[in-house]
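What follows is a single structure, and I will ask about it in a moment.
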């Protein structure tokens, strides 16, 4: 097969509505000596893609991350098959199944030396600072790919690595969840929430998921939650969590909403010495925690940003063993990625992730 | 020697000014089978004693702690010599030098099983829920005493265990300070601050102490700080901390002020992935940290309350080896404890602790 | 109901064969103020009981443990219902379901202060230094009982706490097994082995169990092992373990055999930086590990002795949630405990534990 | 200045006596785009160099390390100044002071992802698999150099990084030595032993050093040991260690001798739950530890191999702060490196390291 030099892709040249996502044929970059050319079979559309497209970029401005560039080819996740490899490539050969690195680290950084490569600077994250996966073919340095174990469905691979790797960092490193622990998860029906829920269960914990609306409790149980607590009635919800934990409160909590009321609620249901992971924000007000809360509970309030190589490798092991699975809400062909964006914008409560299938 | 049945002591029968501290001769409780009667040679007067005396008790209302009782004999720390021991006492005999347990744990609690005995409930802390050390003789269960190693000055023993044990928990457990780390300490000239500073130095860390007033920088250096940063000029202070840490920010910070402006400052000088211990509060506003700070820095915000037996045992080892030392600001005879209270109230910046010498 | 003062029980007055286990009616000790009298519905017979009975006591001579006394009432595990409680008892009342503490700690010890209460001295372990559960009624200090959660079958409770608590210490503390790890277990069909296998699976690990005999592989799979490797052919077994772990070797291994050949094998299948728990001994030769193995692999060789309160509490949570289960090999009435001993002695490969049902 | 293309150096073309070290002028490799050319002011001669030279290479045959090549330019450590940098070099410019990386990691390895880059494979360690520092000029990839902080003496830099980085890994990672801990070090007067002793002291521990000969105790005290125990009389030595540790035994021990008798001794002076690092070997017999020792003590027996980037970075911080210092036994000009080898061979008890000064 001749090495393709062009690809069908969807690109963004200016911020705006879904109509700014321009489907067309574009040139591929030349294949560098360390590059790998991959035929991309599956990727995702996420709420981050929507924010980027709309120009709502405040949250991307992290220390050490490049400004948000245009034109851009969105899409952080990719899974496919190697078509060609540069002369100096040692890890891959044509025909290999691969998955795109979603959380690159600067391995030479002091952060990586500390085991915090997820915080390293000067990263070019696919779909953020570098070209993402809204395309049929992708050309990237060999370090931006990992081998995809046999037996993993490509569609599943295309939507797994981002949420599961971040969640794995939350569960295994930030919270060090252990057998028999209890974990409360807010926003559990979202992509990160579902991944966290699954990993907590796999690690032997009990998961209490919260929702504002009683009608959504059923979905949370379907997703594997041991209990679903409706937080509309704060006092009732608190009593319920205490009853579920022998009166003690939960060992751990993870917030995926940034909702100040929900955070205030969390401070009332943590056990003494418990840990609460802050992963999301709404607005720019201070979080509703007082120093007295920190002292009274000896609370651990833990930030989280990204994931590390070890998180991705572990997720691939779990994927390969068929132990984690992503719920798919909808599938779109590449040409119809704009419709995927529109769906996300009109469906704040969509349960499951959106797959892009460039060859469908 | 006949076993004394009365003691000179200072007691509080109602809240109010220093004049409410009533010096007199009081009955000792009978010596129970597990009790030890100790001749108390040294104790402390602390700012907590002053708050208690004044009836400013909000901070004492921790979960699982008994309400604040009257009459009370204040004084959390004590060091002395065993005079008599009940029949069932196995650990001590007359003549043994002892130090009063400042941080009792409920060893049968689930918190203790978790290694968090400092958070256990139903504690009777001397000078808080139980009678403290403002007396010549003290009768307490044998578990409320620890052997005082030879070579420790009793006066030093009387002011060491409270601040150093809590600080040890901060340094060794909450922050896990390691060789070569940098630690920023606010309120470093206070009792806890000085203890923390010494323990950080002993653990091989570099300490940056802050002060609002340039005139106090000299004292901080005398106390062992590697650098003293004046925070009146926030921007300048920030630049200085970054310069001291190779541009990275500090690995750890400990706040002993509760001052919101200082906390805001701290969020600007932490390195990525750093840890900040919250130990004090002012008012009841939320702390000035936004979710975005937690995420951007992957910050660890850690509460601290009390200390554990292992902290006290380690402090006693360090005391016995002559490796830690408390600066004494003033010494008072038992009858003049009220003057000690007055001194503390009139000297917000007093550097060093106040010793009570019941037999002076 | 009148408080019983006598109990049917099986006692040992001199070492010897199963016939030395004397069934009869014996006086109960008077109920002390902190004692709880329990009607015992289920306990276990273990290989340790057999060794004790036979006078093969070398392994009981641990530092800080009392010499092995006679007469003795064997049986480390018990589960039943409170019949009466002394005046000072605060934790239990008649009718409460309880389980006997199998791993008491000396909470006042320096070992407990370090979080290593399992190593504390001066312990009176039921069935070892104190009277065990071969009886219809048991009188023990309230600290020697824990509440048994609803929904736990008494028979299961009677055989769960010993092996699962020790295994929990291995899995959660010594190895810190995490989601996605691989664990090799030798002697996996024994009581400890089965418990370890279950806990590893619950913690999200993959378990490779070994056996010398191909015919036993089926049982290992039934017990939940992800793979069963036959070690008769050492080279083949090694190749198999490497294939199962992507060529790396296992993250962790636990040996429950003490077999030197098996230990030698383990040193060839550990990954770099892996951990190997030593739990059993055979003979008194040095283990077959060379300093070069330690260095080459950067191996962690970890001893294990007993369990802590937190292990027991976690096991009770898991039992209460129906997440662990013990295979029962046989059930015996109290009068027939000698037959249970005989069965163990004649069945080195018995899979499952033996229950004593004192009221059957 | 013109870029040099040749260097005076000492090379080894065949194994044998010190006379096989051939001093002469040799070609430098061309400066690659990522290479840095350094004028080397100081390096070391170590006992490993001697073994290599003599062809005693068994210990170099670690998994994943290339066979030991000839011709070779020995010398693992180097410190100097950048003379020229390739076009693609981003970290250094002429005039920068640098120190040679002694412990390279394969950052793309699974071991590095696990935080165990020291165990990664395919490493080219200077003086082992790659050309070392017995030369006036050195050409290496920019990743093989680290910035040398101001204020560090070049001579000290030339002998610090190897022993201190490995020791830092022992102290901070393998043993996690904490404030107040006790550490026993055997072979404490050797290079690794001295470094370990200093780092333990800096971390707030007490160090007990052992020696076979009473006459060497004085040196151990000079080197900073809190106590020096003569192990010729095993029973007396044991009593002494117990007395020094309140009857408990030491928290940690590090063996730098591989001597079986000494290892046997160590098993008698560890506290319950203590940790013992195995760093050296003598012969190929099993270590003298029985499974019963592992269980009785709940011993942690820990291998150690190499160090990581974070260890080197921390050592550079400590060096820069003037907090660690290496005792120099002798200095040699480059042409006289053979004499340095001879000195090491004839002086088994030499205290201090040997510096090579290529420009002296």
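First chain written, first letter: the chains are A, B, C and D, and each begins at residue 1.
In the analysis below, a residue touches a chain if its C-beta (ideal position, glycine included) is under 8 Å from a C-beta of that chain, and two chains touch if they have at least 3 such contacts.
It should be emphasised that the depicted structure is a prediction, and the values quoted were computed from it without experimental measurement.
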| item | value |
| --- | --- |
| Interface with more contacting C-beta pairs, comparing C-D to B-C | C-D |
| Euclidean distance of C-alpha centroids - chain B vs chain C, Å | 42 |
| Where chain C touches two or more other chains, by residue | 110, 114 |
| Category of the chain touch graph - line, ring, star, complete, other | complete |
| Of all residues in chain D, those that touch chain C in their complex | 59, 62-63, 110-111, 114, 116, 118-119, 248, 258, 272-273, 278-282, 284-305 |
| Interfacial residue positions of chain D with respect to chain A in the complex | 107-108, 110, 112-115, 143, 308-310, 313 |
| Chain D-facing residues of chain B, complex | 168, 171-172, 178-180, 199, 202-204, 206, 314, 317-318, 321, 323 |
